[in-house]
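Below, each structure is written out as structure tokens.
What follows is a pair of complexes built around chain A, which joins chain B in one and chain C in the other.
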Partner chain A sequence: MAAVDGFWGQAWRRYRRRPLAMAALLFVVGLAAVAVLAPAIAGTKPVVCRYKGRLYAPCLAYFDRRLEPAIFAKDKFRGSYPRNLAAKDPQSWAIWPLVFQDPYRAVRADEWPGRPENPAMDKGVPSRAHPFGTDQAGVDVFAKMVHGTTVALLVGFVSMGIAGTIGIVVGALGGYCGGWVDALTSRITEIVMCVPTLVLILAIMAIIEKPTIWHTMAIIGFTGWTGIARLTRGEFLRLKGAEYVTAARAAGAGPVRIMLRHILPNALAPILVPITFGIAAAILVESGLSFLGFGSPPPTASWGSILNGARSNLGMWWLVVFPGVAIFLTVLAYNLVGEGLQEATDPRLREARK
Partner chain B sequence: MPLFLPRHPHGPAGWRCLLAAGVAVAVVGCGRSEKPRLVAEPESPAAPVMPPEPGPAAPAEATFLPPSLADLDRDAKWIDRPVKQGLAVLREQQAKEPVLASVAEALALRNDSPEANAKILSALGRLPEPGAADSSARLDRHVTGDLSSTNPILISSSAEFDILGLTGFGLFSFDRALEPFASAETVVSWQTSADGLYDRIVMRDDLVWSDGTPITAHDIAFTYRVIMDPRVPVPAVRSGTDQLKGVHAYDDHTLVFFHKEPLATNIWNINFPVLPRHIYASTWEEDPTLKDSPEHVALEEKPVCGGPYEILARKRGQEIVLRRRDNWSTFQGKVVREPPYFRDVRFRIIEDPNTALLALKSGEIDEMILQPEQWTTQTVDDGFYELNTKATAPEWVSFHFAWNIDEPFFADRRVRRAMSYAFDHDRMLEKICLGLYQPCAGNFPPGSWMAGTKPLVPYKQDLDKAETLLDEAGWSDHDNDGIRDKEIDGQLVPFEFTMLVNQQPFRIAICTLLKENLEQIGVIVNVRPVEVTALQEMMQKRTFQACLSGWGSGTDPDTSENIWKTGEMRNYSGYSNPEVDRLFAEGRRELDRSRRGEKYARIQEILYDDQPYTWLFWRNSFYGFSKSLRGYVFSPRGPFHYSPGSGSLWKPRAE
Partner chain C sequence: MATYLLRRLLLGCVTLVAITVVVYGLARSMPGNPLTAQLGEDPSRKVSAADYERMQRAYGLDRSWPEGYLQWAGNLLRGDLGRSITRKQPVTTLIGERLGPTLLVSGTAFLLIWMLAIPLGLYASARAGTVDERGVSLVLYALYSFPTFVAALLLQIVFSVWSKGTAWELPLFGMTSLPPDAPLAARIVDVARHMILPVVCQTYVSLAYDTRFIRATMAEAVRQDYIRTARAKGAGPWRVLVRHAFRNTLIPLVTLLGLSLPALVGGSIIIEQIFTWPGMGRLFFESIRERDYPTIMGLTLMFSVLTLLGQLLADLLYSAVDPRVSVE
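Moving on to the complex of A and B:
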């Protein structure tokens, strides 16, 4: 006889039975892989190269500019590797990204030996060289999309990480402690609920000196925790009267231990659901902001900013279709994952289905 | 007809206005009237273009006692000045120009080459043969924003200047080459004293306001008093008039303008819009705002007009319809002036350029300004050419990166030059401006009399030179992180700065190109798009490091003094050079055009060497026109904002 699965094991088994939810999960995992490997999929900096006897990974500069080895600046590479590597060190070798295209600029003529300059304006129709076309400035849309994945996933996870942490802490305190703590946290939650996220983002972006994508994520996170807090509070209210909690208390466990070790794991399943939906919502908000031109500063590659480029010329359909489909599928996938999670973990829904 | 020149409050004759952030503010003369106005670019709502007048103006006339005309005649040696009719001047010029194509040919052409453009302008830009114009036609113009006032002296936005150009009364104008003259439609003679201190005008006696009351010299003297009264909130037209000592009407038709100093710019100072004295004399003292009292509210709706058109109807936010005045062209039953070609002129208010293009394609409007991308990609198909054609010409609107010299980065001239050497100017012209704009290397339009004979060449991209200059200035990579830095006050400051730009893809693309170029040599640029008004405020307070902005030029180089002179209001770069300051002061007092030109050319050379700006391009005019429209002729300030300007447009009689 197989060992009896725990709660999460059972939930996973039930989740696996739902093909749509599984497909969505695979899609999300795939996106995460693309996000992490983005510089190796599309870029103009070698993934790994050997130069003057040492190994470097200049592609990491796509994650953070400071990770680009200074030797290339010293040797006046000026951002262009293929010819400079060969010219300045004939012994050098390099592993290149799958697609030699940059998400921030148009690749120039003959930058990669024999490759023509990227087409610009409405000439950038999808072709073999540019499967997703190029935008007005000649930047390859595929490269932008791949690097935009990083932005989309980061926005989702970072903002919901912040929101989840705040929401769970506030909700747990209110639900478990009750009394004036509950009154206070509930009122705070209600106040934050009234803050319009979009307007707040616009206002803060106008104030700060150097707005980045991280500011957007922080604001979404700091305003998006209210739903999570209310759910957590409800779960904690319900569970703090449970027998095992009374037992733990009788055994001398402190309130922090009871909250973290005993109640939280049992409350987690319903809390995960709004977090998943929140990720989808955060991606939508970021895309919307970029579309309106208030998102991450140019030339950050974000799906919304590609859409924004289509506003001035609707004839460039590839600037609408590819990022549009990507946003749609990603948001749909997160919602499906959330729904699958809900059905797999909520016993009441399970009962109803039988 | 008069063209009114709005002045910047801090300049003797404001002919340059801030284009930062998308409100292109060109000072323009209105078609049939000679005072220029400001235009907002179609991509942005028409914002008030001139900043409001700060501080009260000196009370005029209170202390000024004009001498008698006999005394004046005895003291002054009068020199006759030109009195012309804008349309007649243009007709003469066109008679000498060769016709490059027939109308039918031009209408069948696609404007895809300079030759085609020249043919279209040559054939369709002609004035009508006598009787060829349809005198009952309506012109549908496009403006990007509504009026905030119809009062002539409260004008400030581009739409207000456009309307006033057709409805306002004035004495002076300037032609396609921006040469000033007195308008023969309103003036009999214009004389200036040899010492440059007086201008004497004799007005025609066959002029009436739209209510039938005669227009006299007293109206002009009265308007001057109202403009200069500090209680009246005049946004744009007071700068210029504040350079006058006084204006005095000796009788109904004789008028003398008294100047404080004999300046080359005096001609622009005596050119201001005119109010009907019989209407406002009794009301303005009670309500100096000219807007609030019931009488003034009624006048806002139905102003008494002195120009060839009057306001017929107005739907706020949608349209303004003007009707031709019969008592403008006829007096006591006789035709005394050439009537304007159109019976009605309708101004359609459409903010969004994409919506406006749809309106043009469907024939709802007869003309509009086209964006570069619209010009190259959205006006090339049969759908556009079915009803419309398009034309282009150079215009005096230039764009630049402005460097804040007070910042540690840009105090050193070598660094500013390095910025210019790092920027891929050619690529910008070719790939972002799509080859549509002219390269710009200095502050005065090439080929103009103030730009000198030696044309300036833009700094060509030369990264080695840029790096050498930066190394010389002390900006090199001391801490080996790939980014240049310099020790300032014991701290290692990395060369990383913020470039402000307004929210327009086209302008952002230029900044992104600079970012890419500078990153190649270890300088980090953060491009930060901001909203128009925020950008203007940061420039005015000088809380920026660098920004992309532009200036629209007017008619006289003197007005750019407040951009370059030490400590001036619009000297956003914080530039200071005693020689430039001195040359501006000398230029204003030099009355000889060629000697004056030399001074301004020298200023331009100094600025070129110092590079307080990295100059980018001159933005040309790009217009879409209905195929039924004729008579568009371009000046350095576009097709409408000179004399005759919009007054030269006509539609042919139906066959």
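Moving on to the complex of A and C:
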């Protein structure tokens, strides 16, 4: 019954046998679902509503401000939907998010019929209305964390996408071409490695006039590729002497084709492992920066920025515990996925298991 | 060998020049300068435009950054790291003052890490595959993924806020809370109490990483033929593990030690910032915020030299101990 599956098919079969790695993968998939559905889970804008005879989806404004339908600004809703909808169009209806709480502001008294004002400062102890409590300004921590999931996921993928691309290109060129190209790329890698990362990030964030979360991701990506480059270089050095590469060269394949089609697929598995670990590291760096107050500016809901609020008031333990556990679990999940990948694709580790 | 060393040293100098140029350029491109960062904090110290210009000239801030860099590099070649603009002290004195506190924390953490990591790593290798080994590995893995700043905040909450007034209460931040004329014994106890939380934070992450590293290199070593030979001639399991396998993992271990050199001296910016520990990491953070160019450059130079030296040392040790690896 030996089904014919390639290297990745086999790797997936081995990966699936590891319960912890599978649980970690499911956790990451779950996080992605939370990130995509965030405006439907927590928000103060209707997911879908019918207003003056037309259907709108104001909740999309949480992804991008420009997606907020213009009619609500024109009718002076001022971001407060429940009462305005009923008052300005009695025929209107709306589907609301699961939790009526906003990640960017405190919900005012009676904004939602019968609901009291969010407690501010150290009165925001977790309660039935606010399972994760509220922060100094009275913003619901649960809503903030749900919307912060997007940042946590994006940081990992965007920054490691950048770092992976740079690392593979630099490492492949150095390893395959050798000679002066290798000398140059090795030197560049060494320089980037020696500059203290946090200093580089702090300096660049200060230089950029209006830093956004995208700048943070880009900087983490542009500084985090050195390990990937060194590993790729080693793999290419090892594989460029392989017989199938010589065969490809004899068949007339150019250097770019050999690097991309022949060597890279065979070097990809060991390179993917540090990239996965890199995602975990990138999440740590971003939340660390936000924690120090150097991350993305305030309106962005990042888990690290919630922690920053706890620094000035240690009595508000819920501002540490919930985002802290979220960061920890996410980092742990990526590390476990990375390790599962390593064990599933590294033939040396497989032999050891027998 | 000599030509190899010479080449590495020359290349290292090229790398150093590149790093310092990049960092100096970046530092000077940050908005503001040491004077505005300092004066901005205190409105009573408003200075006239003429005074400001005079101060700018005195510190060489009126020149472009390439000129400023050349001046800094020239002074460096004469063995002068310059004076801190905001602290009015020579940079070397400043670094000397901060080195002690950082070494106190990172050195203690370093000792703790290796005293715990080696037995734990050996234990994990000896019991590989059993339930308790999996438990230990999972706990270490979890610790490795636990962010230090979260751990630091949690420790502060538990030992400073919740334990207020009990015997468990530990100081929240700083290095000492006694006046300098207190008796020596009391001062030692006081500093030790201040050290506990930063040391714990710095220890646990590296402990997890290093134990896993030892475990991984051991897993590689026990598969070698000489281990089978040792078993075949009747050596006991612990003897095989310690005398035959562990000795052969010492090379990568020494390499790891070499690479952790800059972290040992540099301290951790985040931990020192949270516990307001007067060490090197905090000095770095403050000097960036104050735009204190000479201090930024002095610290950058020190870190880069240590990193390059650590790499060179690691490569040399590798080839010295393992004849299969050649540096040439």
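Here, the second predicted complex is superposed on the first by the 353 of 354 C-alpha atoms of A that agree within 3 Å, B and C clash if a C-alpha of one lies under 4 Å from a C-alpha of the other, contacts with A are read in each partner's own complex, and residues count from 1 in each chain.
Here is the rule we use: contacts are C-beta pairs under 8 Å (C-beta built on N, C-alpha and C of every residue); 3 or more make two chains touch, one makes a residue touch a chain.
In this text, all values refer to a predicted model and were calculated from it rather than measured experimentally.
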| item | value |
| --- | --- |
| Partner chain(s) touched by A:Gly324 [first = chain B, second = chain C, both, neither] | second |
| Partner chain in contact with A:Phe291 - chain B first, chain C second, else both or neither | second |
| Touched partner set for A:Gly138, first chain B, second chain C, both or neither | first |
| Chain B versus chain C as contact partner of A:Gly315, first or second or both or neither | both |
| Chain B versus chain C as contact partner of A:Arg105, first or second or both or neither | first |
| Chain B versus chain C as contact partner of A:Pro211, first or second or both or neither | first |
| Touching partner for A:Met193 - first (chain B), second (chain C), both, neither | second |
| Overlap of the chain B and chain C footprints on chain A, listed as residue numbers | 206, 315 |
| Chain B residues within the chain A interface of the complex | 354, 371, 373, 376-378, 431-432, 434, 463, 467, 477, 480-483, 498, 503, 505, 508-509, 511-512, 515-516, 519-522, 524, 526-531, 534 |
| Touch list for chain A against partner chain C, complex | 20, 187, 190-191, 193-196, 198-200, 202-204, 206-207, 280, 284, 287-288, 291-292, 307, 310-311, 314-315, 317, 320-321, 323-324, 327-328, 331-332, 335-336, 351-352 |
| Chain C to chain A touching residues, read off their complex | 11, 14-15, 18-19, 22-23, 26-27, 29-31, 138, 141-142, 144-147, 149-150, 153-154, 156-157, 160-161, 172, 219, 223, 266, 269-270, 273-274, 284-285, 288, 296, 300, 303-304, 307-308, 311 |
| In the complex with chain B, residue positions of chain A that touch it | 65-66, 68-70, 72-74, 76, 78-79, 104-106, 120-122, 136-138, 206, 209-211, 293, 297-299, 308-309, 312-313, 315 |
